[in-house]
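Take this structure, written in structure tokens, and hold onto it; I'll ask about it next.
The letters A, B and C name the chains in turn, as written, and every chain counts its residues from 1.
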Amino acid sequence: MHKITVTTIQTTELVDITQRLQSVVEETGMDDGILYLFCPHTTAGLTLNENWDPDVKRDVLLTLDNDIAPPDSRHRHGEGNSPAHIKSSLFGANTLVFVEGGKLQLGRWQGVYLAEFDGPRQRQVWLKFLHSATG
Amino acid sequence: MHKITVTTIQTTELVDITQRLQSVVEETGMDDGILYLFCPHTTAGLTLNENWDPDVKRDVLLTLDNDIAPPDSRHRHGEGNSPAHIKSSLFGANTLVFVEGGKLQLGRWQGVYLAEFDGPRQRQVWLKFLHSATG
Amino acid sequence: MHKITVTTIQTTELVDITQRLQSVVEETGMDDGILYLFCPHTTAGLTLNENWDPDVKRDVLLTLDNDIAPPDSRHRHGEGNSPAHIKSSLFGANTLVFVEGGKLQLGRWQGVYLAEFDGPRQRQVWLKFLHSATG
């Protein structure tokens, strides 16, 4: 597998890693197939979303942090970061992206994000290229 | 990759695409492996859920639209569809389904859905067939 | 595909299946690639999260069951388990995990869980090993 390191700077943050992934595709000579991404952390995740208007990231995190999984005095986990664990399972630790002709294939407005929910930290993303049956 | 177009008719809607996918499997001669599905949109997603009682779809969307990611005056994204972006990341833009003997393999009550969160629109689903090591 | 059966004992429960998966990897001689997991149920799911402090599981389910998708008198689905269907789509029915040298590759704190949302029941997880292009 290939690994990239992502340094986050805020408690919760959507870090656009699209260009980093495109560079890995180019460096490793992937041509046609599917790039598999795995996040080996339990207080972070991976997601696809709009990378045009930065207010989308802001609004997504505002609702997620304040309403969907806010701090909760009923939580018992000693580290106090249970909301981050919840968000990690909601977003998921995997994603897959098409590659054709050495280029990531995304929708017009899509970017690939590492979702940091308990930063700032150093995070890793593990990558591997999958063959398709017809590619 | 193979692409299918899905026309949605409501603002939020779960469109059962199971039969469309089965047709693609048959047309393209996929036999044993895994069908990968990708949604190139940031206000829609892909999910698996019950396709027997239509009230399941209704209840899922009712809670999602009204309670989990409702309209919110704190949102700033100019298009006003931040709840759709949130729901897209919660459901995810990918799924994978087993194919054996040219038939999609799903649980007894499962269907594959395009989840529309900002319709009505024309949506695409991108597909590719993956080999397995043992299939 | 390979199938394992998981017996759940509570209404909602995160069942750590990491060791079960490692056993399947060893029995079937998988070496380097990616293990694909599929949950053929619409009131359960698959997720990765911390498997060290059991309070993480407790806190995740507490928020999910009470706040994100609680029982709701507006739901119409006759079986009364619409919250379980919602949680199933939020967590997702698929996950993928790296295997190298015959060992599951997870982050330091990660375990693989079957998420039961409408138990107790007998559940299945379907598995298949995927080749990578470079593995």
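Please note the rule applied: a residue touches a chain if its C-beta (ideal position, glycine included) is under 8 Å from a C-beta of that chain, and two chains touch if they have at least 3 such contacts.
Please read these numbers as outputs of a predicted model, since none were measured by experiment.
**Q** Any chance you could name the chains that touch subunit A and subunit B both?
**A** Touches both subunit A and subunit B: C.
**Q** Determine whether subunit B and subunit C, two copies of the same sequence, contact each other through the same residue numbers or different ones, counting it as same when over half of the numbers at the interface appear on both sides.
**A** Different, since most residue numbers here occur in only one copy.
**Q** Could you work out how far the Cα centre of subunit B sits from that of subunit C, in whole Å?
**A** That pair's centroid distance is 19 Å.
**Q** Which residues belonging to subunit A are in contact with no fewer than two other chains?
**A** Correct list: 68, 90, 92, 94, 96, 130-131.
**Q** Quick one: which bits of subunit C touch subunit B in the complex? Just the residue numbers, please.
**A** Subunit C reaches subunit B through residues 1, 28, 30, 33, 36, 38-42, 68-69, 72, 74-79, 82-83, 85-86, 88-90, 92-94, 96, 126, 128-131.
**Q** Could you pull out which subunit B residues touch subunit C in their complex?
**A** Listed in rising order, the residues of subunit B that touch subunit C are 34, 47-50, 53, 55-56, 58-60, 62-64, 67-68, 90-92, 94-98, 100, 105-110, 115, 130-135.
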